[in-house]
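Order as written gives the chain letters A, B, C and D; numbering starts at 1 within each chain.
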Amino acid sequence: MKLMEYEAKDIFVQYDIPTSTGYMVENVENLKAVLYKLGLPVILKAQVLVGGRGKAGGIKFAKTEDEAMEMANKILNMEIKGLPVKKLLVCTPSEIQKELYVGFVIDRNKKKMTLLASTEGGVDIEQVAATSPEKIQRVLIDPIIGIQEFQCRNVASKMGYKGKEMLSLATIIYKLGQIMQDKDAELIEINPLAITPNGFEALDAKLVIDDNSLFRQTEFKEDFKDSQEYTPIEIKAMEAGLAYVELDGDVGIIGCGAGLVMASLDVVNHYGGKPANFLDIGGGASAENMKKALEIINLKKGVKSIFINIFGGITKCDEIARGILEFDPSVPVYVRMMGTNEKEARKILNEKGYELYQSMQEAAKAAVKGV
Amino acid sequence: MAILVDEKTRIVVQGATGRQGQFHSNRMKLYGSKIVGGVTPGKGGQMMGDIPIYDTVEEVEADASIIFVPSRFMKDAALEAISLGLSPVVCITEHVPVQDAMFIIEHAKEQEVDIVGPNTPGLISPGKALLGILPPHIFKEGPIGLLSRSGTLTYEIIDEMTRNDLGQTTALGIGGDPVIGMDFISTLERFEQDKDTKAIVMIGEIGGNAEELAAEYIKEYITKPVVSYIAGKTAPPGKRMGHAGAVISGNTGTAESKIKALNAVGVPVATMPHEVPQLLKDLL
Amino acid sequence: MKLMEYEAKDIFVQYDIPTSTGYMVENVENLKAVLYKLGLPVILKAQVLVGGRGKAGGIKFAKTEDEAMEMANKILNMEIKGLPVKKLLVCTPSEIQKELYVGFVIDRNKKKMTLLASTEGGVDIEQVAATSPEKIQRVLIDPIIGIQEFQCRNVASKMGYKGKEMLSLATIIYKLGQIMQDKDAELIEINPLAITPNGFEALDAKLVIDDNSLFRQTEFKEDFKDSQEYTPIEIKAMEAGLAYVELDGDVGIIGCGAGLVMASLDVVNHYGGKPANFLDIGGGASAENMKKALEIINLKKGVKSIFINIFGGITKCDEIARGILEFDPSVPVYVRMMGTNEKEARKILNEKGYELYQSMQEAAKAAVKGV
Amino acid sequence: MAILVDEKTRIVVQGATGRQGQFHSNRMKLYGSKIVGGVTPGKGGQMMGDIPIYDTVEEVEADASIIFVPSRFMKDAALEAISLGLSPVVCITEHVPVQDAMFIIEHAKEQEVDIVGPNTPGLISPGKALLGILPPHIFKEGPIGLLSRSGTLTYEIIDEMTRNDLGQTTALGIGGDPVIGMDFISTLERFEQDKDTKAIVMIGEIGGNAEELAAEYIKEYITKPVVSYIAGKTAPPGKRMGHAGAVISGNTGTAESKIKALNAVGVPVATMPHEVPQLLKDLL
């Protein structure tokens, strides 16, 4: 789960990583007290979990109280890439002399956490990686030994720093690595890490916690459902234990197993259809899972036909068939079923007038036509 | 021949007495896998059908392990198997924290143990042994090695292959997580070494660049024909498509990039799953 | 530093290791409140850092309040192997069905922490190790990976336990290993770990913290000087940064370097003398160190001569000579000096009438004679 | 020849700018050791006399390291040296937590790096290189290898040896802590391999059973004559005699036991330090 900037910065503060002083506000009424504490000018930053909020007008500089109130009001009533802004981070602006990048990611191929650092901060690091890979340092961290302080000094030193500055930078990198480990993060980034007359300062913060670790990272558990990361239907699906991704087409798609559902989307697309969603009920799903899947698809507007693609391995086709009968969506349903207990399933569904297919491509074609 | 497991491999099931563990222990045994015992700490001494249950893996004389424990116990269970040098250790469990996965995999590497998964359907050497949750009836002995990031999509393609009389030496799900033990490259290497494998099917999906790296490896080291399918051509960026690893980040991890890389080294990539058998026939 | 039983048990409680309920009291007045909380009967256990307190009468069983008060009074006024008893642990007695041993030590040769476990608890484990080594399980713990739960299950299972008992025992062992790691312990032991009708219970507790880790194990830092582990002169020496061990002879011995001082003791002994102490001023010692060393020896009663043995490597003999002149002990001093700046030292000391030797054995002989 | 270091070994000093580090850097250089740089994080870029100071070990082209940092920084400093494959890494620092020592030593073993210490005076190959704090003027080139748990006691015995014209190939303090890297056995092995070493002096003390194990090893593998001295015959049980490792626990670690074990395998043990040269002469 992605954390908001202000949440990540709260953790930075716990680890003594210097960040610009700031407070989160949820409404204009609270802003006054914050302005009293911070003084003027301030920067107002929309707290949303998508990139590009600056370009979208979600970051504003205010010199007077009136200006701040007006801008806060504006930002708190705005949507950025479809997400409503509910929170603002109000900070004292820093005098930026230079912007760096430091972060940790998981290297899937090396199977290790990797420290990334660059003197080219404040811009998209993937862009830097693509155009000038030599400007990024990469250090693999042994998953058993963990991050070591000397590794951070090596990086800070190669970034060109000396003396106390080198040591401060190394300490920031080390603490960041400790957060990555302690909090089971998938990604942690300071971009930019600014150099100011007061030393280094984390101006932005990105922190993504591994969802699979929430059983032990209990401090984040309750944040999970508040998160803006998912649409309301996606959250409903999550609560039902189903993997659901919202798309903007009109063919609803349900299948068992992530790979098969992805392939189903591709086949629908191949025949000129537009998938409305990705919905994986998983291997060995029950009738109840199937029913819930249909309910969830039904919540989505603009779905004109539904393609159900079941390959019965562990999944029993008759079980799925019974699930299909438990919910009656308002649009035509095209079912492809094969494998375990296929005959029984066929019998159950034929009785109720469902069209059944054996081939995935035939079913997909029909669903596209049915729109 | 086959890779990793055959009819002689003595298998212990960790987390044997849970719902999943019980079902699949029996199913594997029924298929002919040499299941020598199940392990559930605290339940040692019982019998589960004709499978004896133990408290510790140490009590079982086994060569390989398959793990069904809940994700929070995966690290400990895997370290237990690794400590005894069992190999492969197949981690069926999904939702394993990535830090635990990295720890297990690094330690296994040091101990020269093969980890399959986590979040894998496991593997099958048809006619010899099933070490996973794959539906064995759709498989058939034959000359094709298959490796895949996906479960049901694999079954779909296997089914088409078997119908077309293209049997398999071994089929292995490498798992859908971002960090996994046996990966495309290490599995391709085994298939290359296996005399009975005459051609290889590699099923990829969006996310990461494992397929691109596999393409480079195929060019350099694989002499056998390889056919591929890549799922997720219509997936949007930034969204996890079911599997934890199936996500396009920025410009990396797209199906286009993978298909391009594979085509560039002479690996045909099927547009739709059912086309795989024909592509194989064209090359054999 | 060794912790007292009650201190170690406090840590056990933090780690959910089951121990018999008990309270520490420092005087008979507090005992009443404790008896009210615990009920009767109780066991009163002298808190001292030496073994054999049971045989010395430091552990008593009391059935009535009067009995408890009387015994507490007795124990709190007793000395065990020269150590005054200042604290009592008052516990509810447990119904013991069997006694086990579990603990962790540092294996110096294997260079790893080692888990020890035996079904022969309640007795001296070194005795068991000597007579029936096969009754002790030993498991080496990887210093990088640390203790793993499965290792504890293996041990618990081999001790003959099954089901829930096996799991509880494994958990106790695992927690004990975690304490060993978390607290930088050199030794941790539960002996006996009793089986009672309520399950496992730690009846005694031994925990030795690595003195070298006190910079990070700050919770123990203040205990350090309260500890009964050292005699008052030993503590004075420690405060002065000198390594001092009290012995019962009459030849005071000061030297530079632990090995050389040990050898000095041996040589004095060889010539029929009895060393009064071990005192190492360390390599590269200053005049001030030397002066303090003499002051410390002077505190010790019954010293009849002092043998100072200096091999000047990094240590400068003239510096040491100046230190000797700064304190005038009441007994004769025999100085052996060799090495760096030996000549200057000789001059300084000769002027003040000190006898100087070049050979260690000659000086030792003289010091023995001088008694 | 010599073991571990010679005149070609390029040495980096970690913790070079502290009082001890500074003094001994200059002293080692003066002796002829090839000191190529000092490292103190945050002080890089300075010169200490003619020794350049760096922020990181990575910036120095070195073969071996000697560490003088305070004990709380030892683990990090040692891991830094190990990460670059420097060997030996000589840990002069005393009061290192035993958990840190075990960690460093285990990791060094995996990386095939020799650790000397912690809490060691280091080593000297007379006439070639000093990598430690031993007083070099008492040493002399010659055919005797010396290994010891003690510092000043070593100097005492070395001085007697040098006066008796018994020079040294290498003299190494293995350190006075309970857990150390190079120990009696691994050092004996090196002396056995070293052609120029004709006889070995092994100085032990109370605590542990390293001398007993060394005796077994000598019996099995050492063909060269070995002479010993054991300090602490009059030490009481349960008390630390200066060194953290010098403590008799129960019945283990007594001087008697060690002397008995050594005598049993034909190693003469001197009653007093000054007798060592005569014992050596008897055997050569």
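By definition in this document, contacts are C-beta pairs under 8 Å (C-beta built on N, C-alpha and C of every residue); 3 or more make two chains touch, one makes a residue touch a chain.
All values derive from a computational prediction rather than experimental measurement.
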| item | value |
| --- | --- |
| Centroid comparison with chain D (C-alpha atoms), farthest chain | A |
| Where chain C and chain D are represented by their mean Cα positions, the distance between them in whole Å | 27 |
| Gap in Å, rounded to a whole number, between the CA centres of chain D and chain A | 55 |
| Multi-chain contact residues (two or more partners), chain D | 107 |
| Sequence positions of chain A contacting 2 or more other chains | 144-145 |
| Touching chain combinations (by label order) | A-B, A-C, A-D, B-C, C-D |
| Residues of chain D that touch chain C when the two form their complex | 71-72, 95-99, 101-103, 105-107, 121, 133-135, 138, 148-156, 159, 176, 178-180, 183, 203, 205-206, 208-210, 213, 229, 231-236, 239-246, 249-252, 255, 271-274 |
| Parts of chain A lying in touch with chain D, wherever the complex brings them together | 145, 148-151, 153-154, 157, 162-164, 166-167, 170 |
| Complex contacts: residues of chain D adjacent to chain A | 41-45, 55-59, 76-77, 79-80, 83, 107 |
| Partner chain B, residues of chain A touching it in the complex | 106, 108-109, 111-113, 126, 130, 142-144, 181, 184, 186, 210-213, 215-216, 243, 245, 247, 255-263, 265-270, 275, 278, 280, 283, 311-315, 338-340, 359-361 |
| Chain A - residues contacting chain C, complex | 144-145 |
